[in-house]
Amino acid sequence: RRGEMAKLTQLIDNDVFRAYATYTAIVLLKMMLMSLITAYYRITRKAFANPEDTASFGKGESAKKYLRTDADVERVRRGHLNDLENIVPFLGIGLLYALSGPELSTALLHFRIFAGARIAHTFAYLIPLPQPGRGLSWAVGYAVTISMAYRVLSSVLYL
Amino acid sequence: RRGEMAKLTQLIDNDVFRAYATYTAIVLLKMMLMSLITAYYRITRKAFANPEDTASFGKGESAKKYLRTDADVERVRRGHLNDLENIVPFLGIGLLYALSGPELSTALLHFRIFAGARIAHTFAYLIPLPQPGRGLSWAVGYAVTISMAYRVLSSVLYL
Amino acid sequence: RRGEMAKLTQLIDNDVFRAYATYTAIVLLKMMLMSLITAYYRITRKAFANPEDTASFGKGESAKKYLRTDADVERVRRGHLNDLENIVPFLGIGLLYALSGPELSTALLHFRIFAGARIAHTFAYLIPLPQPGRGLSWAVGYAVTISMAYRVLSSVLYL
């Protein structure tokens, strides 16, 4: 048992893997924050998707009017889905990249730019900033993931 | 080759990692079940999203009327998306947590509560149960993931 | 430091893990491609979701008419969401499967069929092919993931 734990500790003690763990936790927590922002807008805008969510506003027609879409709620939901579409590839490709033995400084550059780009994307979406603010922040995160995928495929390719 | 396999086996033989693997497989299979439930409702409610899916009901107007949304289908789809939004963070943060060397009993507590909360969330969504049933089951899974993220960041932080 | 790197290299040098890394990178890149296809259709069909995206078409009513849904855009988006629903389970269950020590030939069979099925699914969705083309390609990828989950649970189960 002590031997096994030692091996696991070696993985988590590797600096590149620690950096991956840190930035992955950060972007996943940022993505999770979108759920709270959606809930906040649903409650303040009184715009719900499920009849059982409006039961506290009374019965029948008086509650039914809150079963509706709201522009602010939909905006947060689009941001949340965009997170899923971009952070899932980072989660998988970033892990493989971290295990492919990159230089620590190069790895940190990738992780930091990705996390910064996704945080900027969220602000650009929610404020909202005029384009190309959101588009650029999306593209930067996308390019970082492609760069890591290139490194993974060129170092481990086994078809 | 034998040496490499031995090293991999050490990872999968670690009890915390085995528990992570077990509960991750369970919640991912549960999430996959949502696809089958969606298909079941689409077929029984005759509510499809793609014209090619309704071709077996005839041509032209007779088939077109099945290109529609249905309350039951949409309910399952919302549950499926909520799974993605919550199980993806568990997948990533849970892996890092399992590698951070927690006590087995603490890790099992986290994994069991998370899996239980997500299963409860599905029942609450599909039956549906009155609120705050669904809200509470969502919040419990969310809190477990935050707790694991806190442990990951406090033990490996490398910015 | 050299010792740690050697350990990480052992993971990434394992043939089954290299195959997992290769096919995971491929299906994640394929999923990322859906973002570009969505952007292509949004621009060529002039169908956007956010007011700030239509600002370059002028102000007021002249730009507002481009805030609309388009059948081609929605089709790509459904394909993208289906990727998320199916590639996320592959990402997690495939990793655990690769660590469970399967035969290389068996693992390659799983990974190759999954990747082929998801690429076929995308073509079936976007062309679109008549059913059951899309349904079958979806079911093949789903069955491969179930097969890997069965192997994971039967080899590591720790409840």
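The first chain written gets the first letter, and so on, giving A, B and C; residue counts start at 1 in each chain.
In this section, contacts are C-beta pairs under 8 Å (C-beta built on N, C-alpha and C of every residue); 3 or more make two chains touch, one makes a residue touch a chain.
Since we're looking at a predicted model, the values are computed, not measured.
K.L.:
So subunit B and subunit C are the same sequence; what rotation in degrees superposes their CA atoms, nearest 5?
P.N.:
That pair's rotation angle lands at 120 degrees.
K.L.:
Quick check on subunit A against subunit C: do more than half of the interface residue numbers occur in both copies, making it same, or fewer, making it different?
P.N.:
Shared-number fraction below one half, so different.
K.L.:
Just the number, please: Cα centre separation of subunit A and subunit C in whole Å.
P.N.:
That gives a centre separation of 16 Å.
K.L.:
Tell me, which residues of subunit A touch at least two other chains?
P.N.:
Residues 7, 11, 81, 84, 88, 91, 95.
K.L.:
Touching residues of subunit A toward subunit C in the complex: what are they?
P.N.:
It comes out as residues 7, 10-11, 13-14, 16-17, 75, 78, 81, 84-86, 88-89, 91-93, 95-96, 99-101, 128-131, 134, 142, 145-146, 149, 152-153, 155-159.
K.L.:
Quick one: which bits of subunit B touch subunit C in the complex? Just the residue numbers, please.
P.N.:
3-5, 7-9, 11-12, 15, 18-19, 21-22, 24-26, 28-29, 31-32, 34-35, 49-50, 52-53, 55-56, 80-81, 84, 87-88, 91, 95
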